[in-house]
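Order as written gives the chain letters A, B, C and D; numbering starts at 1 within each chain.
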Amino acid sequence: MAKNSRIIATKGKEHFPPQEYFVRDISKDFSIKYGKIKKKDLKKKNSRIKTNTGKDYLIFESQFVDDYKRIRRGAQIIPLKDIGMIIATTGIDKSSVILEAGGGSGGFSCFVSKYVKKIISYDIDDESLEVIRHNIKSLEIKNIAVKKADVYKKIDEKNFDMILFDLPEPWKAIENASKALKVGGFLVSYSPTIVQSQQFVNTLTDSLMHVKTVEMTERMWKIEGQVVRPISKSILHSGFITFARKISK
Amino acid sequence: MAKNSRIIATKGKEHFPPQEYFVRDISKDFSIKYGKIKKKDLKKKNSRIKTNTGKDYLIFESQFVDDYKRIRRGAQIIPLKDIGMIIATTGIDKSSVILEAGGGSGGFSCFVSKYVKKIISYDIDDESLEVIRHNIKSLEIKNIAVKKADVYKKIDEKNFDMILFDLPEPWKAIENASKALKVGGFLVSYSPTIVQSQQFVNTLTDSLMHVKTVEMTERMWKIEGQVVRPISKSILHSGFITFARKISK
Amino acid sequence: MAKNSRIIATKGKEHFPPQEYFVRDISKDFSIKYGKIKKKDLKKKNSRIKTNTGKDYLIFESQFVDDYKRIRRGAQIIPLKDIGMIIATTGIDKSSVILEAGGGSGGFSCFVSKYVKKIISYDIDDESLEVIRHNIKSLEIKNIAVKKADVYKKIDEKNFDMILFDLPEPWKAIENASKALKVGGFLVSYSPTIVQSQQFVNTLTDSLMHVKTVEMTERMWKIEGQVVRPISKSILHSGFITFARKISK
Amino acid sequence: MAKNSRIIATKGKEHFPPQEYFVRDISKDFSIKYGKIKKKDLKKKNSRIKTNTGKDYLIFESQFVDDYKRIRRGAQIIPLKDIGMIIATTGIDKSSVILEAGGGSGGFSCFVSKYVKKIISYDIDDESLEVIRHNIKSLEIKNIAVKKADVYKKIDEKNFDMILFDLPEPWKAIENASKALKVGGFLVSYSPTIVQSQQFVNTLTDSLMHVKTVEMTERMWKIEGQVVRPISKSILHSGFITFARKISK
């Protein structure tokens, strides 16, 4: 994807937060707030370009993080701050095989596909499955296998290094996950409400150790000369993340 | 390392937060609060074991995340919540070559070594360099090159996908970083005080776009039956993270 | 004011957050989203009433807190969460005489007028002075004296129990405040940016002890059956509050 | 109390957080870390004094806020940040008659006694009742009536402007509170766990409107020259505060 998509950004420190345009299709002219950019300019990779009204912009090839931010969202997706926390806490890496169940748009799977060996993605909803497949294709991902399957009923595979639940009733799949994980592996459950986390934690079996349940807050600061203050209004909640770990067969 | 280190954990839901022992050396008996574990038991990989006083524990091979948590800390290290955020925001991956300057204990480099292709780690302090080398060796990391070099003076290499500053005066190395980064690459600066972030952001050159400055809070919850509440006392601050991006040559 | 203003509220648990209408003028009919309420109904004090379309509402006399929330705002006013913190930290009470300087809309003075003996309110801006006077009149407050005066130049009065600064450059008035306070009294400075707090604290004279600088966050939860979660988007920042205390003549 | 208690403080900006000693009994010498202060010096009201080792201190009469911070605590007390929020949200004032039920140490009642007309304080536990009475006496408070009574069973009085619950099962007393409140009055429930708040809110009757449920965070900053950063470790949770309002008879 990156070959053909571009980021058009404002120059230097002129704007904050920075103004960015994402160009998916460089085979035709692109309109922005202050004019039009010609398709021949869009093909440039790292350059200064001008709109037809003479306004200066910079253009560079988009990268995976840029493309990822524009994936299709059928449902609420897990924000990057939480994805980062899950990677850092579980330590999943290029040798890891993981399962995501109920991801909705497959956002988590798409992002971590770069970091792990293989992902199996379960969903039972046809619409969600379609969104996931669309995102995998548009991001040119090769190591996610999408399955229409119900994680509450069973998990066919074994020996996962990590399993992520983004489910309305995650406690219903604890037994299945426990069998499908390696010893030392992590079961992570992501829930918008604390009552779901409560029921999940209270249902954990003896072979799953409750490591921690956390919520992550990202607070953004405005910094401009002497004006240094947190942004007034911001996202204060996305989800609670529970980490459990399989400690025995 | 994982081959020879073990985690000994309490069974099931008995304790929260879970009691964990890390065994570095399995060639001799290991003492814990409630008795001793024989070395022949320590060699087991995924088992239930008993102390000499008859108390039950579980044992499993430690993984990278377990080993990482026990590295040597010469200076304050960047916590995992912030490392996760940096990975997720910059999207560094197995094709990335990155520079860390001033990391003190090399914690960031050690952790992300699993996710990137190559890391160059600059420090000028001999004691820090020794701690970094010790940690690299004990975690058996192969892709970090440690250099005694002063990032305020120059950066020898070019074309980094990401540069991380964990420096007292990060603004002094902006020019050097700007030249050493790829277009589209990220310059990340980590500072305990907001005044450092302010000076860093206000010194950014035109070719570096200020993406955002954030602080991440991890709040842990206690969940035990009907007792569902945030942990009363917790870490409320570690550092401010500024993300800048190179948008032109 | 309360005699003639009313709150019209939705019945019971039907809506969250609750739908509330504030009626300033009960001498004419009042229109709401679902119809009209007749002026004879508006005169009722604690009753169930119906709109002309048959929809049920409750009506009750507004109280000071209700009226206060509808004051005129020329500038950003200090939110109630911060006003509460200032009252609770300084302990100002019905025997206290206090000074507010630069309050913009006089919000703080209006609210605490109920709790203290006397307030003097300084401002140099004619527009602000008009807003303050308007608010004092509409809330029928008797113990605030408004003065056009420049606190950077001098403070005429002595022996204040508390002085509140809501000023762009609060450090310029520290000397004056120090002279005008009682020993044991508090100087409180409210600033949107941390750089202002920094300069204020670093300028404090020997006779003023820096008690603390804090920021207060109010996080609201949604609770509806099993849906229990923080509100996603919310105010994350209003101002930093510095408390200093006069400890010697 | 203030007549006979003193605060001894370090001079100026030497220490942060400031070092403070509270002297309850000025009829005998007082020992501090750096020496002893003679009783004749303790009687001074606003002065510089010296220890026998020649170290300088300042002394001033303690005020209500100082005395309040030293009350006896039989149970966890509601922190000042939350007391401030309750005052500011309900607008209770010198005309208000309020009820506190289950306060443990009576901290809330003692503090707001300065702001309201009359408080009735219910508790069923003899030990708690003793602590409350001790605190009322030592703070010389005249407008709190302590009663051994069970709020789950009944509330004898009527027409309260505000009722505060600090109870393990606050939902059991909702009906009683509803009858005992004025229309427009507030029922406030303070709970350490969110499950208590959930059950409380879900049990609210039709005549009680759920205004909001919040948690307040106070984050303290260190400011010393260029070192400007939040304090690393801090209290991250005390309690959830639910505000409900009586909207009909």
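To be clear about the criterion, contacts are C-beta pairs under 8 Å (C-beta built on N, C-alpha and C of every residue); 3 or more make two chains touch, one makes a residue touch a chain.
Everything quoted here is computed from the prediction, not taken from an experiment.
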Query: Any idea whether B-C or A-C has more C-beta pairs in contact?
result: A-C
- line: Per mean C-alpha coordinates, the chain lying farthest from subunit C is B
Query: What whole-number Å value describes the gap between the mean CA coordinates of subunit C and subunit D?
result: 21
Task: Averaging only over C-alpha atoms, locate the centres of subunit B and subunit C and give their separation in whole Å.
output: 45
Centre-to-centre distance between subunit C and subunit A (centres being mean Cα positions), rounded to whole Å: 41
Field: Residues of subunit B engaged with two or more neighbouring chains
entry: 194-195, 198, 219, 228
Statement: Contacts from subunit D onto subunit C in the complex sit at residues 7, 9-13, 16-18, 45-48, 58, 60-65, 68, 80-81, 83-91, 93-94, 111, 114-115, 183-184, 194, 197-198, 201-202, 204-221, 223-225, 228, 240, 242, 247-249
Message: Show me the residue ranges of subunit D that touch subunit B in the complex, using the header's touch definition.
response: 192-195, 215, 219, 226-238
Residues of subunit B defined as touching subunit C within the complex: 194-195, 198
